[in-house]
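Shown next, in structure tokens, is the structure this report addresses.
To keep things simple, chains are lettered A, B, C and D as they appear, and every chain counts its residues starting from 1.
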Amino acid sequence: MERLILRRLQADGEEMILNFGPQHPSTHGVINFMVETDGEVIRKAIPDVGYLHRSIEKIGEQVGYPGFMPFTDRVDYVAAMFPNEGYAIAVERLLKLEVPPRAQWLRAISCELCRIASHLISVGTMAMDIGAFTPMLHGVRERETLNDLMEALCGARLTYNYHRVGGVAFDLPEGWRDRTLRFLDHFDRFLVEFDRLISFNEVFVKRLAGVAVIPAELATDYGLSGPNLRGSGVDWDLRRDLPYAAYPNFRFQIPVGKGFVGTVGDAFDRYYVRCLEMGESSKIVRQALETLPEGEFMAKVPRRIKPEAGEALSRVESARGEMAYYVVSDGTEKAARVRVRTGSFTAMGIVDAISPGLMVADLVALIASLDVVAPEIDR
Amino acid sequence: MTVQEVHERLLARFGDEVGPLGEPKVDPFCVVRAARIVDVCRFAKEDPALAMDFLEDLTALDWPKRNVIEVVYHLFSYRHRHAIVLKVEADRAAPRVPTVEGVWRAATWFEREVYDLFGVEFAGHSDLRRILLPDDWIGHPLRKDYQEAGGYRGFDNVRENPLVELRRLDERARAAAAPATVPAPAATPPAPVPPATGEKA
Amino acid sequence: MAQNVRAYAAAVGTTVRSIWHGMSVTLSYLLRRPVTIQYPDRTPLPVRDTLPSRYRGFLEVDAAICTGCQACERACPINCIAITLEKDPTNPKQRLVTQFDIDEAKCMYCGLCVEPCPTGSIQHTREFEASSADLRTLTFRWAEEPFPVYKVAKDATYYPRVPLGSILRPMLEARRWDARGPEFLPPAETPASAGPAGGGRAGASRGTGGPASSAPQQESEKKP
Amino acid sequence: MSQPLAQPLAEPSPASKRRARGVLGLTLAVGVGLPGALFGLIVALSPLRTIVPAGWSDGEVFLLHAVGLVVLAVVLVTFGAVISGMSVWWEMRVSSRMQSRVGYNRVGAGGFLQWIADAVKLLLKEDLVPAEADGVLFRAAPYFVIVGFALTFVVLPFGQSLIAADLDVGLFYVLSVTALVVVGILLAGWSSNSKWSLFGGMRSAAQVISYEIPAGLAAMVPVLMAGSLSMQTIIQRQGAWPWQWNALTNPFALVAFFVFFIAQLAEGNRTPFDLPEAESELVAGYLSEYSSFRFAIYFLVEWGNLWVMSAVAVTLFLGGWQVPGVGLDVYEAARGAAGSIPGLGWWGLQVLSMLVFVAKTLFLVNVIIWIRWTLPRIRVDQMMSLCWKYLVPFAFVCFVGTLFWQLLVTARPWAALATGVALTGAGLVATFFFLRLTLRNVSAVGDRVDLTNW
């Protein structure tokens, strides 16, 4: 591997080859970048992924349909609700199962809270990689409240395993609604404070504005999705444009990067789209809690899940972009193929193209602004 | 456009090189001749009525019984919000499919992954290396007949299964405690379990 | 020129203003109470007692109401539960659970085994503090003594389960973190085709078909 | 929810209470006793040179002064180490509160003894030298750093007579010896034979050498105002009240103060200028390969520099040790006859002036800490453009402006006082608005002021 990369890198021997990772404070997990630098300027950065490959897709072929749910948590453990939901929807489509409305609402609530939790980590680590440690811990502090809420809801703080084929595992616990609303009241004001603390700090803005610009065409060409795509100015969100679950019932905005302080598609746009999305998610959770329908939270699911042969694709707007589950059934109790398409994987592919000309410090900003999570790349 | 209309448009352009749309169990798909997949994809992307500018996913399926590996292309258009699933069949023994890297750059990494996990060669790919596994890995794990090696470069990845081992301990203890009442099994210590079944740590 | 000067002044101005706000925010946090707790010894309550009731900690089995249906064993996606049922030699009508082992070192605390349990015998507790120097000590044996299966009454709506955690907590409190686990037998020489014996083999042999199934002999040939 | 098995933690036993009291006592003994003893020694030894006991021969007096100076040197280096360790503790406490954490809390009361524990731990670690490193330079680099740091204490004034040596070229001397630090860092970066270290060393060299220029220019402003390079003279030419400080009597000096302060941050490698050891980019920069005692030296110097930076800034711009209401004549009067051992009142005045100086310096130390935990890091090219496009022109303008300002003040002496009062008033108003904003921040997110568990 290294030899192969080095052969591509070493043009005239004047450059320095840096092994940026796998153990590096700002690679967000175990990722390696082979960086060819000329002083502080990067000639080329080639990502080398796979350190966290856990063969989750293979496991999906070995355990039964319901048994795979806890493994989906591990696809993206920073925002584990989305893989849960994506897989559940895919199997439900295979089974042609109708999910009761209350379950749809609970899915939306849990996912949007999870999106907030994930974005808090994302914007926090962005600040940390730029060199400000305090905002990171402020984000973690707010996430902690969310983790407590999730823990009360489904018993786990990280690997939720909350969604089930046909619904969700638990109804809301007592008092949870009020706790959540109280948190959201606090959180909306926290977002304002966070912007004052870091988002529009001039040093921070100068570090991100106009850095690592990804134009819209390049973003679609490389299959970027989610906040990364919207940061490039493409107005696209699955929740609004191909609605699933309970989303058609809520009113919310889709923040799109428009060059808040620099160029459209720069690192700051990707960062700030996430900040704005947190506010929108908060709106969705409020609406969902207000309009939460009564009824069952789990559909009648056959005891043995054994869909007829066929294939289904489910697309979910995850915190890191589009998460698609492609589940192929051959008529047995175990899937013939479970494919997970994740936002981080495609986001990582673009580093190769964007990195030339950046400085070493900008590479850190680029990685942080793409908000990649190593397990999601490697699965 | 619906999937059917998209498919009709492809049919009109490419004739029988694009296969029929599969029966719509859940998500229908159509099988394309491997040699024409790049043309079909390019047409799908560049035709203004189709405008499939987003390669949603590119993966593969292994069907050992039919002896094919199917490479699956999920295409989607942001502008028209329609999608289609294309498939290309390749021989399992030496799967070889032309690359669509020139159509969508996203395919670069997707095809590397398929190459890594299924062993499909993408002809004309610019950087066909393993992506998730180390490049001295043997075999392609997502193939159905893949057998995992017991470790990697001397690292053992097998942990004893305490459930089985405890059971063996129990049985020995029982055999030791009751040799008089049940003499026959005591002669041969019961060890009916397979030797410490391999488990990934 | 004038424009440049204005831009220059504006750059200085926004910098000062943004730093003014940022420093005010950080200063204000000096006046607030920290949110972190000082685990484990400086909390008002032990942390396990402050966890919500749905918390998925260590599994606990109430043998008194276990029906021996093996639903949890089947539900477990990673086969970390092994249950063996045998006939009672003294009473042929009574079935005994002779083995009910849960490998908590392998368990991923997903809660899938709790859901199919007909009586609520197997439950996640709020216990999570059982660090151990030896993985082998983390296999919990819920049938140290074989116990008879629980017969569910026809129209039962209530199962007499002991309070959650009351079995597990004394077990955990009696543990030492550096205790050694049992010594396992050396690998058996008998070939793998010796065949299953007892009902519990279903679970064990299923493990070989799991995701990590491997045939070491074949593999060693493939790898130089 | 029901918690059937909840059990409160056990009441603390008498033994553990006794132990807690013992820990508190030890912490107080170290926290108050150690700096107290060091400050006491500085107070006792610094004026030794002015004392000539009656009836001693020249040789005996020389010996007395020499021994006194050697002891003072040891005391000052120890003071540097202790203040560095205590700054680490204080920085960690402050930063953790800013981040809603508790921070150091295990070793000693309030975690105060953590820095001693850390130092002991570092001393016990193995001193690793990478196989491919340039061994001699690698080993020598920390000594450059510590020498450059320790030598500055020679001219740092602690009080009216509390200075090891009031050199005529005091400020020039400070600027010169601090340049030794960059030699050490550059050596560390080069000799480690690690790419990250090299990056860190190069960045540091570029940064420190660039920022010497605005720092030097800005430091010339008080020199112009005082007409001397001597630290004590610069302080004595300022008044004690805020409106008599250099920074506030002269608007150019105020700007120069900020320029100097920023440049000092950069020279001390403090955020937002911590590029040489930017942990999210360069892992640990020039420190990457260091361990054990050598690492401890860098650590010591980094935090000890907080004191040096602040003390120099206080000396140049903020009135130094001047006590309000106590003019130089008061010191003279209390001193008594030259050469004799001064009376108790004089020693009291010395302690008072030292307290003023320490208070001002600690305030600036806090500001530096506060900035570090608020601001992100700037990029290497921005670091350069900040220096050359902003700080250097500003420093030049201040330098030239001060020349004319001094002409004005000579002609119209009330101008200095008027400016001083106006700027002091403006500063108070700004402080008021700032504190009001801060209090509003607390209530804005629904929190309240709660100083328990500090």
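Operating definition for what follows: a residue touches a chain if its C-beta (ideal position, glycine included) is under 8 Å from a C-beta of that chain, and two chains touch if they have at least 3 such contacts.
Bear in mind the structure is a predicted one, so any value in this text is a computation, not a measurement.
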- Co-neighbours of subunit C and subunit B - touch as defined: A
- Farthest CA centroid from subunit C: chain D
- Task: Please work out the Cα centroid separation of subunit A and subunit D, and write it as a whole number of Å.
- Result: 44
- Message: On a C-alpha centroid basis, what's the spacing between subunit B and subunit D, in Å?
- Response: 62
- With chain centres taken as the means of their Cα atoms, state the distance from subunit A to subunit C in Å. 26
- Query: Using the average of all C-alpha atoms in each chain as its centre, how far is it in Å between subunit A and subunit B?
  - Reply: 23
- Residues within subunit A bordering two or more other chains: 55, 58, 61, 134, 141, 193, 197-198, 201, 203
- Message: Could you pull out the residues of subunit D that touch at least 2 other chains?
- Response: 1, 98-101, 373-375, 441
- Item | Contact pairs between chains, per stated definition | A-B, A-C, A-D, B-C, C-D
- Would you mind writing out the residues of subunit D in touch with subunit C in their complex? 1-9, 94, 96-103, 105, 370-371, 373-375, 390, 434, 437-439, 441-442, 447-453
- Message: Residue numbers of subunit D touching subunit A in their complex, please.
- Response: 1, 95, 98-101, 195, 199, 271-272, 274-275, 278-283, 373-382, 441, 444-446
- Okay, in this complex, where on subunit B does subunit C touch? 138-139, 147-150, 158-170, 172, 190-200
- Interface with subunit C, subunit A side, in the complex: residues 55, 58-59, 61-64, 66-71, 73, 134, 141, 144, 151-156, 159, 161, 169-170, 173, 193, 196-198, 200-203, 205
- Message: Going by the contact rule set out above, which residues of subunit C touch subunit D in the complex?
- Response: 12, 19-36, 38, 41, 43-46, 49, 52-53, 163-166, 169
